[in-house]
């Protein structure tokens, strides 16, 4: 059978790839992609801990669903922001969106 | 283990016995047997698909008061096979600087999304692909994959019209998915489970009787989901030269076309399962799988007939009307219906069966009447806006 | 190595590769599509974990809605369809280092954790995870509040996104 | 586990059929590509402008609303499943849940975001 | 009205008079003096009633009129004060009431009541006469009325109240209260004409010297109270109490307890009755108006001192050393004062010194145990000394008439060498003054002075105090000599100056008291004639019987001895004769042999005291405490602190506030923060990915830190 560690390591790998995507990509939308990857990694962990814990205690799955909702909300708002920035600044490159620079 | 009762089990045991004989371990043998079973099922489906092509062209002709294909074979039965052979040997042209990988992947996905639907369709009480307890959502999942294939097709063929057509089609499909999901929720509420088998078992009274409005909404949403008839924004020949599959030719186009037909047929089947009791026909299904399968297919054909009927009689609706219809009418209605059914169900589920059935039916009737009344007032307001208050004037004129 | 382990390794490999592709491909649409592939891989992992509901929801929500949203967003925010210039920003190697560091840190911590090698317990017979989930979400003494709050969250997201993206004041929403 | 294995088989078979068909067609069909043939089809006219034309914002709106309602339905399914057992209180919870989101729909409707043009 | 309540009421009228005058009637002169004199009359009547009742009581000494009341709660017992009249008290009360009444009457005339207001008289200066135009338009100056007329009577009233309380009180405390009131009044009355600087100095001098004596007296009272727990005479003079006092050993000069208390009280009397060391204030006290000098410095106040010693005689007699000290001081003062009196020119100063020497006689008598003689001499002296002083007052008043008449204010109306031949101008004054003089010098058989002085000499002789006898006889001789000198210079011979020619007799209000007092000066002597005088049993020596009763054991009568009698006769007559013979033809100070500078300047005692006491004290207060201590030390410290704190403050401001806080911390900090701000600013690049990277790095670092710090427990 598959030990829990495999899932956790797999999730960690996915998480770090997502992290790399977030930190390295120039395009704001790509950053959001990275964030999505990270959220999925978290979800895998939750499901794994549900499965390898007391299965009747559905907390893990409930958390996973809530993460779904949050991820959906996050993407919606994130992309809306990027689009509105694009429409007013005509750029999506993260480095150029530095209006908050001091 | 009478053959009539459970032919599939018999065949499977026979096969597994054969393979274990060949020295294959038990697990693997079971796996291979299952695989073969599925392959056979899909093959039968493809055959049905081909037959459907014929059926489609015949029925359309009949609607349009013409004969339809009758040259090849009796009543033109061989016509579809000729088409397929034509498609096979036709050169398929890949447009310049199209995105090769995505371009080729799109048709496969669209066909696959339809085929995997049959995994959860219960052919007989004991004979079904997979008794998944999240079957209802599975339908929507496959729908999502279908949407994705359309986008990929539209975007990869590097054609303005393909892209526009694809995205319009996606917009429509996406919008109508909400009412469909809501209407799917109603049988789940009534049956208390998402599994298809459970829904069928619960249908002592056909769900169509309990919530006719839900069935209606499901049908409309399904038609829109398929991108057919009144909602076929995708391959609106006149405006967008058949939308996303404009750049496709040959077998890839065949895949799209066949996929679409099969998809319609599948949804006809689902309509039957969800609202007309699936393979149940007053206890006939218990006799043997061989009886339940024809019942199911019969209901599926009826559903498919209605879809075709709607397709070839209704005219295409403008896209903004379509979307407005969905978001401003269908979605609120479906959720209202969901709330009403949930309420009535919660209140009356312990009552006697006929009380339960009657109350559900009446609630749907009342909701339907309200909706119709609301529509009539809305349309009169619209007409006055366009024609001005002519009509009452005429009545006043004693006409 | 049982079949499940093999399947898991294959699926994990496929998902990680597609995740890597998501992060590195130049063409954003490709990135989105690779994301779909990763999401599908994650769905399969859920299936392996017998979380039926999660698997299907993953497909429905992520692939059905979020991926499409991404593609639409990408479409909306590109003057020309083709991308120019490098997709990775200048300091990509630091982020690479950090990512590896994080991965190493996480694995290191996990390694020390004694619960690492627990095996999956047998699924109880007749246990319907969906109805159990339903109970957990709905029954008053469980997670009913997060259930309601989730709706508020979605409402907020909807109103926020609509307002931010297409408020007549901030540029022409019809463009 | 075996449920999902069957579904995996379905996926595999589902892919084999179209791939097989297209593969056979690719094998059988002639391959004589030439620039004219491969031009994008615009009812025979020369292609005008770029193929990736600027996009209408409406698509994003519909996708957005669809996403929110999709997630909502995801939440509603467990509710629907357990509705029978938990009685009136569960129904009221669901109703509140749906009402809040309908409010969102009404907001978008009033904002005029649902019009297509 | 029982006698006791009457005794309580005796001191009250003068006190009431004082308050009435001060508060209400000081504007109206006639009203004020009538109030004053009325009060004096009332007290006098009350005293007479009490006196005659006391005479009527058999053995008054055993059961005198006594009434006491609880005054101060001292723990569980009460401190009692009260009044008591025993034979001594009665006798003293008799002469005190008469003299006070006479002086009140005399003052009315002395302050020219009824005369016009002075032209430019100012309050605080003696009146300088007023110019009046009579019907013929002649302008001539007339003595003007005293501007502070009612104020004088108020003070007299207060003084009378003090004297009466002293006499009637049955305990030391109220006696001391009366004692102090009289001290105050002497200050006020001596300094009555506060305009004159000499009057002011004299008042202060009088007050300070008596004050020194009073301090010791207070010590004595305190010691007595602590030893016996009570101050009432009756309780002290019981046998066992006295033994108890004797038994106490205060380890002081080998005196017994009683002795020490007696000595301390005696020092109080020395101050009050101007005995030798503390006599300097009495001559200067003549600055005050003559009735004051008469009353205070002849009759009442100074005799109060002697009365106190007589009252405390039973306590003193217990200790031999104290008696010898008293005797020595008495005799020495007598001879000493007499020698100075001879060289004085001012008519009042001669009398002042004669008072001092006569008091010396009494103290000496007490010193040698002659209790009754001392008391007898005290009373007789009061009468004739009051007479002499009032007589000199009327002489000065007459001379002022002359000065005003001639307008030559440089002539001093009090200098005897400016007078002469006044017997024709002022016959009544001359005769009364003559009687007084003979009484003072002890003219044999006739005058009271003779009997009392002879008693003392007889006692001295009888008890074998030869040294005391001889000095007292010599003093008596000199007294007679300077008395005769005074009489001849002022009255006999021819007027030496024009003012003397114009001197006029004083009005009746002044001459009547003189006549009354002269009657007593003679009559009172016969009361004390000893029974065994010349063994003729002339009179039953009432005085001896009566006053002797106050002592527990009756003093025995001394046998008659001719020698002291003869000596006193020789001394008295010789002094008078010589005085007259020598001074008949002496017309100016230069011719007077006895103007020896030593004597004239009072043995330079004033200068000595000035140098020995006053200068050091002044130096002590002025230079030492003020200059060094106050200004030098304290101000120094403050002056040190002032600038020091200023310096410190400056330092702090300069180096700490400005440098450290403003520059280093204030600006420095600001600069640092600005610098850090500037350095940290670039971090906020606006690029979101850099933020993420930064946070991740920090997360990693902190994570690692925590991990290692908390140990591998994770």
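Per-chain numbering from 1; labels A, B, C, D and E assigned in written order.
Simple rule for what comes next: a residue touches a chain if its C-beta (ideal position, glycine included) is under 8 Å from a C-beta of that chain, and two chains touch if they have at least 3 such contacts.
The model shown is predicted, which means the values in this text are computed figures rather than measured ones.
K.L.:
Among the remaining chains, which ones contact both subunit A and subunit B?
P.N.:
Intersection of subunit A and subunit B contact lists gives C, D.
K.L.:
If each hop has to land on a touching chain, what is the smallest number of hops from subunit A to subunit E?
P.N.:
Minimum number of steps from subunit A to subunit E: 1.
K.L.:
Going by C-alpha centroids, which chain is farthest from subunit C? Tell me that one.
P.N.:
E
K.L.:
Where the centre means the average of the CA atoms, what chain is farthest from subunit D?
P.N.:
Farthest chain from subunit D, going by C-alpha centroids: E.
K.L.:
Across the interfaces B-C and C-D, which one involves more C-beta pairs in contact?
P.N.:
More C-beta contacts join the chains of C-D.
K.L.:
What chain lies closest to the overall centre, CA atoms only?
P.N.:
A
K.L.:
Calculate how many whole Å lie between the centre of subunit B and the centre of subunit D, each centre taken as the average of the chain's C-alpha atoms.
P.N.:
14
K.L.:
Would you mind pulling out the distance in Å between where the CA atoms of subunit A average out and where those of subunit C do?
P.N.:
Spacing between the chain centres: roughly 6 Å.
K.L.:
Centroid from C-alpha atoms only, then distance subunit C to subunit E, rounded to Å. What do you get?
P.N.:
Those two chain centres are 120 Å apart.
K.L.:
Quick check: what residues of subunit B touch more than one other chain, meaning two or more?
P.N.:
132, 134, 137, 167, 170, 174, 177, 193-194, in rising order.
K.L.:
For subunit C, which residues are shared contacts with two or more other chains?
P.N.:
4, 48, 50, 52-53, 55, 57, 60-61, 64-66, 68-69, 72-73, 75-76, 78-79, 89, 91, 94-95, 98, 102, 129-131, 133, 135-137, 150, 154, 157-158, 161-162, 165, 175, in rising order.
K.L.:
For subunit E, what residues touch not just one other chain but two or more?
P.N.:
689, 693, 696 - these are the residues of subunit E that touch more than one other chain.
K.L.:
If every chain is a node and each touching pair gets an edge, what shape is that graph: line, ring, star, complete or other?
P.N.:
other
K.L.:
Under the stated touch criterion, can you name all the chain pairs that qualify?
P.N.:
A-C, A-D, A-E, B-C, B-D, C-D, C-E
K.L.:
Over in the complex, which subunit B residues touch subunit D? Could you list them?
P.N.:
The touching residues are 31, 34-35, 38-39, 42, 46, 87-96, 104, 107-108, 111-113, 115-116, 118-119, 129-132, 134, 136-137, 157-161, 163-164, 167, 170-171, 174-175, 177-178, 181-182, 185, 188-189, 192-194, 241, 246-247, 250-252, 254-255, 319-320, 323-324, 327-328, 331-332, 335, 338-339, 342-343, 345-347, 349.
K.L.:
Which residues of subunit C touch subunit A in the complex?
P.N.:
It is residues 2, 4-5, 8, 12, 15-16, 19-20, 22-23, 28, 31-32, 35, 38-39, 42, 45-46, 48-51, 53-54, 57-58, 61-62, 65-66, 69-70, 73-74, 76-79, 83, 85-89, 91-92, 94-96, 98-100, 102-103, 106-107, 110, 115-121, 123-124, 127, 129, 132-133, 135-137, 142-143, 146, 150, 153-154, 156-158, 160-162, 164-165, 167, 170-172, 175 of subunit C that touch subunit A.
K.L.:
Hey, which residues of subunit C end up touching subunit B in the complex?
P.N.:
Per the touch definition, subunit C meets subunit B at residues 3, 29-30, 33, 36, 52-53, 55-57, 59-60, 63-65, 67-68, 71-72, 75, 128-131.
K.L.:
Looking at the complex, which residues from subunit C come into contact with subunit D?
P.N.:
On the subunit C side, the touching residues are 4, 44, 47-48, 50, 52-53, 55, 57, 60-61, 64-66, 68-69, 72-73, 75-76, 78-81, 130-131, 133-140, 144, 147-148, 150-152, 154-155, 157-159, 161-163, 165-166, 173-175.
K.L.:
Could you please specify the touching residues of subunit E with respect to subunit C in the complex?
P.N.:
For this pair, the touching residues of subunit E are 689-690, 693, 696-697, 700, 703, 712, 714.
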